[in-house]
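In order of appearance the chains are A, B and C, and numbering begins at 1 in each one.
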Amino acid sequence: MRRVFAIAVNTFRETIRDRVLGVIVLFALGMIIASLWLASISLNQQARMMKDFGLVAVTFFGLVVAVFVAASLVHKEVEKRTVFVLFSKPVGRTEFIWGKFLGLAATMLVVLAGMGLFLFLLTLVVAKQASGWLLVATALIYLQLLVVMAVTVFFSTVTSAILASVLGISVFVAGQLSHNVLSLSRLGSGVALKAASWIVYVLIPNLSAVDIKPTVVGEASASWASIAAWAGYLVAYIVVVVLAASWVFRRKEF
Amino acid sequence: MAETTREHATRDVLVVDELHKTVAVGFRRRKVEILKGVTFTVHEGDVFGLLGPNGAGKTTALKTVIGLMRPTSGTIELNVAGLGELGYLPENPYFYDYLSGSEFLELCGRLFGLRAGTLADRVAELLRDVGLEEARDVQLRKYSKGMLQRIGIAQALINDPRLVLLDEPMTGLDPVGRVEVKAIIESLRVRGKTVLFNSHILADVAELCTRIAIMRAGVVIWSGPVGDALAAGDGDLERFFMQVVTA
Amino acid sequence: MLKRSVSVLVALACVAGVVAYQAHAGTKPAPAAGDPNVFVPSPKFYTDLSPSSRTSIADAYWLQMIQYYGEHWKTDHRFDALPAMVDLVTTLSPRFKQAYFFSAFALIDAHRPDLSYHYLLAGYKANPTDWHFPFYLGFFAWTYAGNEDRHHVAIVAADYYSQAAKLPGVLPSVARLAAALLAKGGEKQKAIETWAAIYGQGDKYSQQKAIAALDALLPPGKHERISAVAALRDLMPASQYSRFVGAIFRGYQ
């Protein structure tokens, strides 16, 4: 556990100090501010536009950071042979993967909390109204991005960094379409097709189970129970994927 | 070499016996046998040089010893208490860009379970030993190649290991860097550590090593005290090496 | 030194070129209004694609819709794609009230008052507690009914105004509109009852209006008026009723 923590702290330092991260975050804040302009041409729908487009910006830039950092995370260590140093010390492969993942999760926490609070305050100051739902939504976006990160880390242990990031983004998109796969499994005629699409439905993370953005703009009302259940599901999904990644990684030679 | 029978056997730190390693290469997973039965023994207190032309399997042998690779067959007997008593410097070491030298050493120490107090002392001591006190708070991406090599040696020594494995510690260094690294290895020998290293640079090997093994194409073709090798090559290790390798 | 001044000159020339190009491009006449027939995907496409992002998509199309409206209002007054946009925005975001109100008026300019009515109805269904919906429905029924029977139209509009008058936050004038329209539609008795209720709940101004209207609606004969007023007793609190009787029989012996 101490070793996991040491690796996590190191990963956090390593990623948070990367200038690319700073540039992306600045860009994201710029985009959130740009949503002010959109809000100004929206015929008195300023608060709604700011919340909605602001959350889209948070999701998009969060996704960019999550995928690209996660893809290079493990891969860079193998490529640049820092793993040689780590694994010549009493460090287990599972400890390594968990440490890396938790360190990156901490970095993402800083990034998302920064963007979320910025959006919250901006909406409060400019549109004079900001609901706590904005922060709840940011927290849920964070969990969704952790899922994408876990999946990307998993792929990066078996394939190249670029392919892993492409696959990570694909999984994010597929996660938004989860319910479509389900309806496919209901539509399918043959038992085999139904079973296959049901398996795909379970494999793909369900990233659209709760209508969180509609809730923020008052378009839907997500219940706390459904949010808690979904958050629990996402955490469980993350644990499974990270364990799978460490299992794959354990078999790897360098 | 006759007296090695019993007395030395108790003090063998590393015994590699008939080590084979086959890896799958490329998209079609073509099998390539890199190690074809490597056998050598490193005694306590040796500075052991593993020599051989490029592609002989020196690095693979070291990686297998440290556990980065699994042997296909053969045995590796390590008479130290696991990775906790081992130190390892990889070839062309590269570390975390955005960590400072001292942060990196602290990370390595924590991985060995060193506590904060002893860790700080140990890091300061090592930075002094490898001459990087000035650069302790500089991020590693600003280090020169020689500095990276030295911080690499420092991390290999953070746990005060009994056996130190160095993969090409002198490659790519300027003459000053080479002298510094040689001094570090020499001081390790003086302190009774066992050192196993790879090198192309035969002059350094002749100077530093007590024993050597010469590898070619995945097998050890000669091993013994460096004095024997020098005697057979009329005081010139290079000549002896060429004789053995081209034989 | 020479080299340096040359490179400065080259840099300046390039800057001048960049500015000149953009300045020239800026003098081109503004492009004609875009094709009024822009493609608008079906809302089902987006709800299938990403249900949790539906409001973001609706908002993006909302911005496009108001821009489309403004652009064509200034130029050719053709709004061919507007109905599809309205459908998209309101289907993706059924509680986006402003979208319904804007669309209702914008669709008039697209010569589709029937659609205005349709979307207001849809909005009313999705937002049954917002008085604006029945209010606008009444207004649209009355104003854009074409050559339907005016009496019938008045009754329909009055019905919407009455519904609106019962919802929270409504303006007091809405109830008066309902009563006036009922009278116009020939529903004399209903009009009287509505005015009486307005008198019972309304402010001073509403009460004056109610007295004036009732004075005209109630039979002028003293005995008929007495029995008609007696029938209104349950429509207002007792204290109000005595004042009401005093006001409505002012001038009678």
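Simple rule for what comes next: a residue touches a chain if its C-beta (ideal position, glycine included) is under 8 Å from a C-beta of that chain, and two chains touch if they have at least 3 such contacts.
Only a predicted model underlies this, so the values are computations on that prediction, with no experimental measurement involved.
The chain with its C-alpha centre at the largest distance from the centre of chain C is B.
Comparing each chain's Cα centroid with the centroid of every protein Cα atom identifies chain A as the most central. Rounded to whole angstrom units, the spacing between the C-alpha centres of chain A and chain C is 42. Centre-to-centre, using mean CA coordinates, chain B is 82 Å away from chain C.
Residue positions of chain C touching 2 or more other chains: there are none. Partner chain A is touched in their complex by these residues of chain C: 48-56, 59-60, 62-63, 66-67, 93-96, 98, 102. Considering their complex, residues 2-3, 6-7, 9-10, 13-14, 17-18, 80-91, 253-254 of chain A touch chain B. Chain B contributes residues 23, 63, 66-70, 82-84, 86-88, 90-99, 103, 107-108, 110-113, 139, 152, 155-156, 159, 165 to its touches with chain A in the complex.
On the chain A side of its complex with chain C, the touching residues are 38, 41-45, 48-49, 52-53, 55-56, 176-177, 179-180, 207-208, 210-214, 217-219.
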